[in-house]
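Order of writing sets the labels: A, B, C and D. Residues in every chain begin at 1.
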Amino acid sequence: FQWLIPPSSRQRLLSEVTMTSIPSVSPSQPPCPRVGLLVTAAAVFIVCNSKDDVQYGVNLDVTSYTNGKRDTHNPPGRALPFSVWDFYSSGCSLRMLNPQAFSSTVWNFLSILQEQFGSMAGANVYLTPPGTQGFAPHYDDIEAFVVQLEGKKHWRVYNPRSLEEVLPVTSSPNFSQSEIGSPVLEVVLEAGDLLYFPRGFIHQGDCLPNSHSLHVTVSSFQRNSWGDLLAKLVPAALGVAMEEDVEYRQGLPLDYLTYMGVQNSDKDPRREKFLSRMGGLMNKLAGYAPVDAAVDEKAKEFLHDCLPPALTPEEQASSVQGSSTRWGNGRPLNVGANINSQTRVQLIRAGCARLCSDGEVIELYYTTDNSRVYHKEELKSFEIKTECADAVEFLIHAYPKFVSVRSIPCDSVAERIALAELLFEKGIIRTAEPL
Amino acid sequence: FQWLIPPSSRQRLLSEVTMTSIPSVSPSQPPCPRVGLLVTAAAVFIVCNSKDDVQYGVNLDVTSYTNGKRDTHNPPGRALPFSVWDFYSSGCSLRMLNPQAFSSTVWNFLSILQEQFGSMAGANVYLTPPGTQGFAPHYDDIEAFVVQLEGKKHWRVYNPRSLEEVLPVTSSPNFSQSEIGSPVLEVVLEAGDLLYFPRGFIHQGDCLPNSHSLHVTVSSFQRNSWGDLLAKLVPAALGVAMEEDVEYRQGLPLDYLTYMGVQNSDKDPRREKFLSRMGGLMNKLAGYAPVDAAVDEKAKEFLHDCLPPALTPEEQASSVQGSSTRWGNGRPLNVGANINSQTRVQLIRAGCARLCSDGEVIELYYTTDNSRVYHKEELKSFEIKTECADAVEFLIHAYPKFVSVRSIPCDSVAERIALAELLFEKGIIRTAEPL
Amino acid sequence: FQWLIPPSSRQRLLSEVTMTSIPSVSPSQPPCPRVGLLVTAAAVFIVCNSKDDVQYGVNLDVTSYTNGKRDTHNPPGRALPFSVWDFYSSGCSLRMLNPQAFSSTVWNFLSILQEQFGSMAGANVYLTPPGTQGFAPHYDDIEAFVVQLEGKKHWRVYNPRSLEEVLPVTSSPNFSQSEIGSPVLEVVLEAGDLLYFPRGFIHQGDCLPNSHSLHVTVSSFQRNSWGDLLAKLVPAALGVAMEEDVEYRQGLPLDYLTYMGVQNSDKDPRREKFLSRMGGLMNKLAGYAPVDAAVDEKAKEFLHDCLPPALTPEEQASSVQGSSTRWGNGRPLNVGANINSQTRVQLIRAGCARLCSDGEVIELYYTTDNSRVYHKEELKSFEIKTECADAVEFLIHAYPKFVSVRSIPCDSVAERIALAELLFEKGIIRTAEPL
Amino acid sequence: FQWLIPPSSRQRLLSEVTMTSIPSVSPSQPPCPRVGLLVTAAAVFIVCNSKDDVQYGVNLDVTSYTNGKRDTHNPPGRALPFSVWDFYSSGCSLRMLNPQAFSSTVWNFLSILQEQFGSMAGANVYLTPPGTQGFAPHYDDIEAFVVQLEGKKHWRVYNPRSLEEVLPVTSSPNFSQSEIGSPVLEVVLEAGDLLYFPRGFIHQGDCLPNSHSLHVTVSSFQRNSWGDLLAKLVPAALGVAMEEDVEYRQGLPLDYLTYMGVQNSDKDPRREKFLSRMGGLMNKLAGYAPVDAAVDEKAKEFLHDCLPPALTPEEQASSVQGSSTRWGNGRPLNVGANINSQTRVQLIRAGCARLCSDGEVIELYYTTDNSRVYHKEELKSFEIKTECADAVEFLIHAYPKFVSVRSIPCDSVAERIALAELLFEKGIIRTAEPL
């Protein structure tokens, strides 16, 4: 994470994404790990087609923006290098839609980022031929981090056009040049440079005549505003109020339809009393708001959106995924977990599991069975017995520390080991030493 | 309406249904129009089967409650007298589910009631053999008005069992006698008597050994509470706030998932700040609440639920339904509305039409094309041009007065007549004299 | 039936509808019962709108054919006389789509006709203003019987244009005058006249300048050809062959895809052997054809399509529909069927019930619970125990004779009475005397 | 293919699968390529779990058959070695459901086999612990080829129990030992041995106490009988007959429902005439049967079922998949196909593409875009212009010969090259030399 955004900027980012902020450029910083980490994404992008099942429209878009007209040229079927490079040679831009499904580097990078952001992180990779532009000016509904990987790209960024388009909830249509005014930022990115702009800032990038461009755009904070959380909280609050407070269940006045509603919007004296009571009920709502439950609803959506953790070889070796259980000499070897009281364990990632409760049962939701393909799997969870909830919380809050199984707050040794085995089997915890 | 609830009670009812109220009995009042009006319902119930398409389970339920066990005995198919009276003779109760579809008297009565209540009014008719009980003790989610039509019935009414069951939103399951305590009201109703009890009051009625019972239960105020209106208002308020106030669109804190949610409910100092901001946003919501629009959403549901107006012969004759246009002597006679500036017109019923706006177009919703069968038709509406909206409002608010077409606030004579013809053709207005 | 088609024509019709036949005119025959019976259809058509729920597009179409252009003018919603006659006055034709749902006379007539045809009979009523034409020339997929009720209509009928359009399976689009050649029949129908033309004959009718026209078109034999029955029989035959004859289950030749199929249609010597074996299997199929079962599948569709029997007052009085069971003096009277061994019973209509078997259970399908609205009800049936099948067949084949319950071939008196009660309750049989 | 079934047996197989045949054992033949080729399947099976996304129930079944009871033990979620070998150690059998998706060897083997059989070839791999049995006795709806890979397995094969179960269309339920009689074949397979048994032969295999067993079962000829082809042919024949022959469109007799059908199966003289005409129409059907079109419908289903061709490195290098087009030095290299008149081309596999026609357009269906996962992709095709159909046929029938582009029967050089480029791009043809 640090390499992407240096500490100073990071602090700024933390506040930025929670307020109306401004686009910024962060030049390449030698020694530059930024490209170092992501250049493989480029490589992957270049070669992936021959082995993987890359489909036009699903994994790869072919686009152009010529004479003010934006077009998509996806044919049906597989995207093999033979046809991909033909499009590129004729001046089309290529957008790879989910590099994380093909590149472990991108996967790893985004899986860390999503933890930092508390919001799904996505990425697209763009390859643009010299002297062309692939997309019309537009704004997006996400915070964008553009990292130049190869070549150069000329960017122009424009202010939101009105207050209503500041931090917008939906992306814009394509704009014509006459609708967007003058740029507030104009820059040519070179390999290693980072460009950031928030939701709502209109942008367009084109290639210089003598240089192609390869960049990755990392995105986050889609539908992750206070209002999005309120959309879960407010109906829940009303549900609680209806249950707990008889005032919400009392009948409406017999005659309210005769003085409320647009056809009656005038000076009827009964309106004031009605509006006052309605306002009172709205104001009381905050007192019934189940904030933690609503946050958990939002969290569950996030867990479903998440990439599964990308493990280091060391983590792999000490988790169920790298378990030494295997077939050998005509029979299975190393069967069974061999977790005991002395075994030291650690959550495999901050945020890879979350305890939620619907008021009756406690469920542990987790990301380790997610797919690298977005929403290919349902969100996974299993029930945690009430008497084990504290033990699971203990393990979650202990992160990143290793703790011994002995120290888990369960009622008996057997329960401690059973819980640890269960979490190990689901890939949620790993051991300090390979089993 | 007056006959059902005498003026004094009526006043009480107006307040009753808007607050936690108590069951009450109103004895038959000679001369008693109450039975006079509804006794035909009984007649209809008795004979309807031979002509109408009465289906078991759809229009008629066969039930019993014996030794604490409640059963339904509906066979498949049509309910002809031959089998209906066989069930009754063997001790089963009969419940007719939508008498308004078969009886014009019940239709007329409920169509008036729905206007008074501003909420859908329904009815069931019950016939119970001597010495039996057809239903287990339970409470309903509606205000109930029981009118005894024939014979006698012994009723016991019990208080809600807890604060949560006061004015409940959903009906209860069947209770056993041991769950409900002692009655707060015990009475034997005779023909003409009225028994009222609010939502949440448990009740059961059984027949004396030597008398059958025929009664109608009129219901209203289902899902018609302040909370039900808030369920429309609150998400709409959030939508407005998201559009108009950038604070609602700002990103959530990067780390909020690490200290909010049930697994984190402890003393993290960041929680207070988060909760405070959330509370602030909730409190601001009331300021964005589009109350009239939400009332209109509720009104539209009500209009869809409504029975169509039941017209008197006089009303019929002066409306499109009784238009004298007809076939005669090999050609149509009296074609065309013949509405002119002098014609005096009147809304055919208070509440039969309502102007609503979605912010872009103005629509007039109306009940005159509804069916006597619940929701058989979609809610009907048509667009009103902006320049005619005042004219339609004028006609709605003029009710019950007749006004001349000349006095309608339109720009020209032609527009006045065109609007009047349109509303006449839809059955929304009638003329003072048959055309 | 006789009145519609005089005996001589009837004989011809019997053969006609089973072969390529020709259009014919049968003049009014004084005393003319033809109009006598159906003129009420006209009356119904004229007045129905004010009481019934007639909907444009569902029950009534407004059409025109002017300058070679065919248009439909249905507005949304109910068809009240006020607007219906306005359309007519401006030169539109009116087509009433299901008069049998509104007119008992039409219902009665069609319910008899469907029995005679062994195929669903439908009807439309058409009213055309003087000097206009409502429809473009076209042909239909049904046998058509046009009965003039009022006024006059000028008809032109044209031969099918090609062998492929003789007895067609689907209706044609609208034709232009230049596509249809010269009429083979041109006639002006007057009240009481009958015009018949088979499937595939193109036709158009227009009004003389000084006379309107009211006629009914009765239709039948839609999808009722030998091929339609084969569509049920042939797959069933293959199913039986697959079960009973291993030759049909033997594997295809390993290499058949290399010499069969359009890309291989040449002189490969293996083709002949393959085609010969395939032909052999096709020819053997007839031997496995379950003809009776396929007829019953077709019959079940017909029973579902059927109108319910329209009963005479006498039939009504002696059936479950007219049962004297009723409410009186505060209790039900005449409860129970009182069928005994002496009771004489009769199927209420030929073809109102049919025994079918799927090989495992025997079901009795029946039309008496059908609705006058097409397919509003599912096809009704109930299981008949094997030992009662002969008894039901006996009753079916006894029609139209009355037989005593005593003579029904069941094992015991109790079974005879139980079966008779069951069939009586479903409306399938009636008694000789009202019970 | 030869290694699986030696030439002599192969000949037998060719006839076997087209007639009622018998199970047979073919011992391992040193030098034994049979295991040589497939042992990697075993290896794959053993290790696949750690890298691939193997799901219980989708890719792997855990089963047991103990004391006559057959159970499935699939947990939800991913099948990691950690849990897989735990099941195996406790005596469960493992069945890998689609090894072709994980093992290129199996993929290659099956893709060749499907061409030989003209029917989809599938495979399951089974691993059974010593002294256990994983499945109850049963028969399948496919021809089965069991190849022992490791260890030993004791097999018992039983005759079909009745004529109806010879070459059955559906698989059987699990049988108890008492239902299946005595085996006709009992054998212990050792590594390299092959056991064949046709559809309908009941079988069960269990492990000796001191040896585990690993085998693969290859299957084919599911729903590939003459009857399955007739199921496509016969309705198509009826469709043609209805169009071309008016006899099929003639109406059914008015009264046929009164003498046909199960309730009428007796001596009515009209039955014979009816049956005779029906038989006549059935017999004529063969004359209208569009055999080639029906074969093509069957072929299209087969093409959809097919695995994509598994290419050798040489084939890969000379096809679009191995095209040398690639990214290098900041720009794409070797763009464009460079096919010219001298280029020599070959269909990449017999049966990888097929010309079909629906009577209006000619489509080329092909398997090269299929997925190794069954039906993951829709069947792919594209339209071939009429003037190119002969050229495509020429290329298909030339297989396995290479032909020069110059020799393709098109109208011009440009068309020849365009067609070759199109087919090359779809992966349907390859070139003699890498481009």
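Keep in mind that, in the parts below, a residue touches a chain if its C-beta (ideal position, glycine included) is under 8 Å from a C-beta of that chain, and two chains touch if they have at least 3 such contacts.
Here the structure is a predicted model, which is why all the values come from computation and not from measurement.
**Q** Fewest touch steps from chain B to chain D?
**A** Minimal hop count between chain B and chain D: 2.
**Q** Of the pairs given as A-D, C-D or A-B, which one copies B-C, with over half of its contacts the same by residue number?
**A** The same interface as B-C is formed by A-D.
**Q** Take the average of all CA coordinates in chain A, do the same for chain D, and state the distance between these two points in whole angstrom.
**A** Chain centroid spacing, chain A to chain D, equals 42 Å.
**Q** With centres defined as the mean C-alpha position, give me the chain C-chain D separation in Å.
**A** That gives a centre separation of 47 Å.
**Q** How big is the gap, in whole Å, between where the Cα atoms of chain A centre and where those of chain C centre?
**A** Centres of chain A and chain C (C-alpha means) sit 62 Å apart.
**Q** Have a look at which chains touch which and call the overall pattern line, ring, star, complete or other.
**A** Chain contacts: single closed ring, each chain with exactly two partners.
**Q** Over in the complex, which chain D residues touch chain C? Could you list them?
**A** 14, 17-20, 116-119, 143, 163-164, 166-169, 221, 224-231, 233-235, 237-238, 241-244, 246-258, 260-265, 274-275, 277-279, 281-283, 285-286, 289, 291-293, 295-296, 298-299, 302, 350-351, 354-357, 392-393, 396
**Q** Sort out for me which residues of chain C touch chain B in the complex.
**A** Residues of chain C touching chain B: 46-47, 50, 53, 77-78, 80-83, 85-86, 88-89, 150-151, 212, 320-323, 325-327, 330-333, 335-337, 369, 371, 380, 425.
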